[in-house]
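Common to both upcoming complexes is chain A, partnered first by chain B, then by chain C.
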Partner chain A sequence: MVSAQHYFDQLMFGVAPYLALITFFLGTIQRYRAQAFSYSSLSSQFLENKRHFWGMVPLHYGILVVLGGHVVAFMFPREVLAWNGHPIRLYILEISALVFGLLTLLGLVMALVRRLVYRKIRTVTSLADIVLYALLLVQVGSGVYVAVMCSWGSSWFAASATPYLWSIVTLDPDISYVLAMPFAVKLHIVNAFLVIGFFPFTRLVHVLVIPNPYLWRKPQVVRWNRGPGSGA
Partner chain B sequence: MNVRSQVSMVFHLDKCIGCHTCSIACKNIWTDRKGTDYMWWNNVETKPGTGFPTQWEDQDKYKGGWEKKNGSINLKSTDKKRIALNIFHNPHMPSMDDYYEPWTYDYQNLFTAKEGPDQPTAVPISKVTGEQINVESGPNWDDDLGGSPIYAANDPNLDGLSEDQKAQLQAIERLVFFYFPRICNHCLNPACVASCPSGALYKRGEDGIVLIDQKKCRAWRSCVSACPYKKTYFNWFTGKSEKCILCFPRVETGQAPACFHSCVGRIRYLGVLLYDADRIEEVCNLPDEELIEGHRSLILDPNDPEVIKAAKRNGIPDAVVDSAQQSPIYKFVIDWRIALPPHIEYRTMPMLYYVPPMSPVMSVRNEDTIEHVSDNLFHDIDEARIPMKFLANLFGGGHEAKVVYALRKQKAIRWYRRALTVGDVTMETAKQMLNEADCTVDEAEAIYRLTSLCTFEERFVIPPSHREEAIEMSQDPHERRQSTGFGFLAGPRRGL
Partner chain C sequence: MIGIGNTLSGSRRVERRRSVQQVGVFAIIAAFPLAARGQETAAYFKQNCYSCHTIGGGRLVGPDLKDVTSRKDRDWIVRFILNPQAMIDRGDPYATRILGEARGVVMPPVAGLSRDRANQILDMIEAESAFEKSQFEGVKFSDRPFTAADVDRGHALFTGRAKFKNSGPPCMSCHTVRGLTLLGGGRLGVDLTKVSERIGGRKPLSAWLVSPATVTMQPVFAKHPLEAEEILPLVAYFEHSAKQAGDDDSVAPLTFFLVGLAGMVLMLGLFDVVWKNRFRGVRRPLVAGGEMRTSV
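Up next is the complex of A and B:
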């Protein structure tokens, strides 16, 4: 007999990821098409300039490295496992991952405190911001917890999480990889898809419009209404 | 030769009376929305003074504009190389404290206060938080030298003045100030455009107006730091930068921008200049002392057949060339050379020029009498109450010669007119002065005419609109006042 637990697991790890991804793609594209004006990082640096540094800088550098690590383990699991074959290299990877995880957590907490303490910042805080902070705290908190409590994550991620994620991508979800994992890891996975699903409705969309043409465009930008001036 | 046209401006500071009508006209049309309430796209500063935002000219603090390094010019704030370092936290961005916290008053209290021993008051309420605030600064906080030991004494343009000169500026009976109205300069080499990571800022090819694409701005805030004149502002509510748009919906319909139109002192002139876009980079790289001449050399003679031919080749309509030939700006800047760019050393090539102001007439104590003349006909320029060095820091890139030239010419014209109308100066002296000031009688008459008797049409020579090019012909900006800013069907909000 199939238990209720079975259905719940299927829903959490087999169905929810697709709901999240569909929402993510449809949501961000539709928002870009219909509400281009709303695509903004909604920076609050103008209202408070000092504490801003201690929140935003650790948060962003931390998350960039940590997310990058996830992507590398997802794309090159064999190479990561091979790297980890030597204990020293494993320790280096694990420790640096933890350091950047903690950096992210520190930045997130600093940003949240700043948002709550400064009256001006609170007035520009929306419901979506509050939900997002909660989701991110759970996500980063569980991530750091896993890094500390479930040792050698860089290895078992490559061995178990990567195949699971690829099974999602290839539209053939195999949830057996994640069923045996500890609760904290499951929470981290489910919450990750929650963040992805909620992504289009938050300021996170600024991630999608990072300034890429800037690095190779000419310094000055000229726009012509009548079409580029001939010879100009 | 790559000819482009630029709607350019001259502000005649000797005529500015500091009434702030321009600021109010602008505010009522463009910046009375939430998040823009602290912005003054047009503001009028008292000089000496620290300006708005406080000490905006201090580029050691704000890192605005370009700097010349190793043979090329680079943004002083954040450029491509430093973007990954500075995008999360912009290290040189002014915060609201450098401007002021906008406020209104709790007027309702005047009606609803309970009966008591004191008159009820309308307390100030922050327009950001909605809470009571203690107002500590505001726009024009140092208007007319208010609080000058704090404000005027810290004007960055006092750099290089002797202690004596600084003390003199503060001396009660020799106190002097003038007004410095400012809008966006719609530069030829705008630092704001170059700095925008999203490429949201752009210069319009047809008329050179610099705008921010509100749909592409992502609040990276680079433009706020990069503009050395601090004329891009951050809308703290919508998370978008905004700036002076030179009232382009008005200019496109043949009207002068609101601040120009409303100017009581009639100090503002607007017209087209043709310039050579291929030479901008070369000129921006000139040494400091050659910048003003280099900037002038970019501007092309609209009557030169070669220039007209090249303009045609670039698709510039004949009507725009005609307009350039009538341009009052060309006369002030090129023919008469009495209008100068502000802070050319920032190397953005501003297209708003200033005619430097005359100081009050200096008197000479002669035993028991006070005389207004000395043997030196131009003594009140050489010994002006406003030290030349101060004006040179503002309008001469630190070099006095160009400023002195402009002031001597103005002075000579005054005396020439006095010889004509008052008669207390002989025509012989007047002509001698004109001669010394590099000015002919015809030129003096023309300058007098355009300075004192100018009509609306003489001050604003706006190129005829080309309906097929105008963007907002079909929309009435007044209709959408306070609701949608410029050109949206949905009101601007913060986020989704």
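Up next is the complex of A and C:
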């Protein structure tokens, strides 16, 4: 007799990833076709960048490095394991990943606090923003917890999570790799599918239209000319 | 007539040969699923049970399963292997006795096990028990004394300094052993400091490492099995670590977290330096001035 747990596991790790990916692709294409100008992260700066700086900079640099690390372990698991073959190199990688994970968490909390504390920013906060903040908090919080309490993630990700993710990509899901993982790891995986599924309906779409030329263009200085009688 | 008779008897022979051939083909077709199922059951046993049980080879972590169905009734055995922990929790006397004999090691849940599968395994064990030497009598390992070189090699395999021949991940990815190095080994799996004592010594531990049967390790090591010449130094290292029992390193995760926290503070300082020319001195006074004028 097959248990209810079996069906639940199949749903969470065998079906949910495909639902998330289908929603992601159809949703992003449809939103771009129907509301191309909504493809951005609505500014919340309101000429205030003191607290904004300590939210956005750690959040974005943190998440870029951490996500990049996940992609590298997914694409090059053998190389990651080879790098981790010396404990000191493993520790360097893990500490670096934790530093950027903590930066992401700090940035997210700062951004959330700022959004809750300032009335002007609350005004431009949508339901999708609230859902996204909740999902990201669970995602980053569980990620940091797993990094500390279920070490060494960079190695076992390459050994267990990578084959699982490739089995999803090759349309032959093998959930045995993740079935016995601790709850925090399972939460991190399932919540990642939720983030991917909600992606098209949130401000996360700005990831797809980031203005890359900003990385190499010359700095522009915007001057305000607000002398007496300018009316500005 | 003779010719006709010969022809008739010849046609009968052909028919008989055909019918014999048909029966043979039918028998092969009918027997094929049984043989395939038998092979599948044997492969399943090897993958999931053989690391802790032999058939006629003596006790490992779990009992020798030779003639197990004559020691206990089949229904009880099926219920036990489907959910050993539940039987123990219920206080079943025989399950409690088995637990004691296994030095408190509870049989882990077995992936893909069903009532039908359990009965197929018991059928196979009955068949194997009838042989003088079962194919599952146990893997033979060298029993030569361990050397310091074995311990060193085991340590290298554990940490990943030496690679496993079949590309399996190093043990340190998920496990720790006391006194390992700075921040210790992984915490996803159990602490292996006393694993050789827990499992019951050299032979059961060696057998266990042939095909690690926990739900987490099995999918990984089924595709990247350990070689006999790797198992020996690993067991040597585990025996050594059990004797040494290095310093308690349960504080390692906290140390790791604090180092990460310090790194985060450093990075924040770096951000502040890198963006030192951000619009602190230009925009804020303008905004403040604007607000002042508005309020006036």
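Operating definition for what follows: the second predicted complex is superposed on the first by the 210 of 232 C-alpha atoms of A that agree within 3 Å, B and C clash if a C-alpha of one lies under 4 Å from a C-alpha of the other, contacts with A are read in each partner's own complex, and residues count from 1 in each chain.
Everything below uses one rule, namely that contacts are C-beta pairs under 8 Å (C-beta built on N, C-alpha and C of every residue); 3 or more make two chains touch, one makes a residue touch a chain.
This is a predicted model, so every value here is computed, not measured.
In the superposition on chain A, A:V57 contacts both chain B and chain C. When the two structures are aligned on the shared chain, A:V15 is found in touch with neither chain B nor chain C. Legend: residue contacts after superposition of the two complexes on their common chain; A:L67 is shown touching neither chain B nor chain C.
Of the two partner chains placed around the shared chain by superposition, chain C is the only one that A:W152 touches, whereas chain B remains out of contact. Judged by the touch definition given at the top, the superposed model places A:N49 against both chain B and chain C.
Contacts of A:I95 after superposition on the shared chain: chain C is touched, whereas chain B is not.
With both structures placed on the common chain, the touch criterion links A:P182 to chain C but leaves chain B unconnected.
Judged by the touch definition given at the top, the superposed model places A:F37 against chain B, while chain C stays out of reach. 47-49, 53, 57, 61, 224, 226 are the residues of chain A that lie in the contact sets of both chain B and chain C, per the superposition on chain A.
Chain B meets chain A in the complex at residues 2, 4, 80, 83, 87-90, 93, 95-97, 128-131, 189-190, 193-194, 196-199, 201-206, 214-221, 224, 234, 236-240, 277, 313-316, 466, 468-471, 488, 490, 492-496. Here chain A touches chain B in the complex through residues 31, 35-49, 52-53, 56-57, 59-61, 119-120, 122-124, 126, 128, 201-203, 206, 209, 211, 213-215, 217, 219-226, 228-232, going by the rule given at the top.
The residues of chain A lying in touch with chain C in their complex are 1-2, 47-50, 53-54, 57-58, 61, 78, 81-82, 84-88, 90-91, 94-96, 98-103, 106, 147-153, 155-156, 158-160, 163, 174, 176-177, 179-182, 185, 224, 226. Contact residues of chain C toward chain A in the complex are 111, 114-115, 159-161, 163, 167-170, 172-174, 180-183, 185-188, 214-216, 218-220, 253, 256-257, 259-261, 263-264, 266-268, 271, 275, 278-280, 283-284, 286-287, 289-290.
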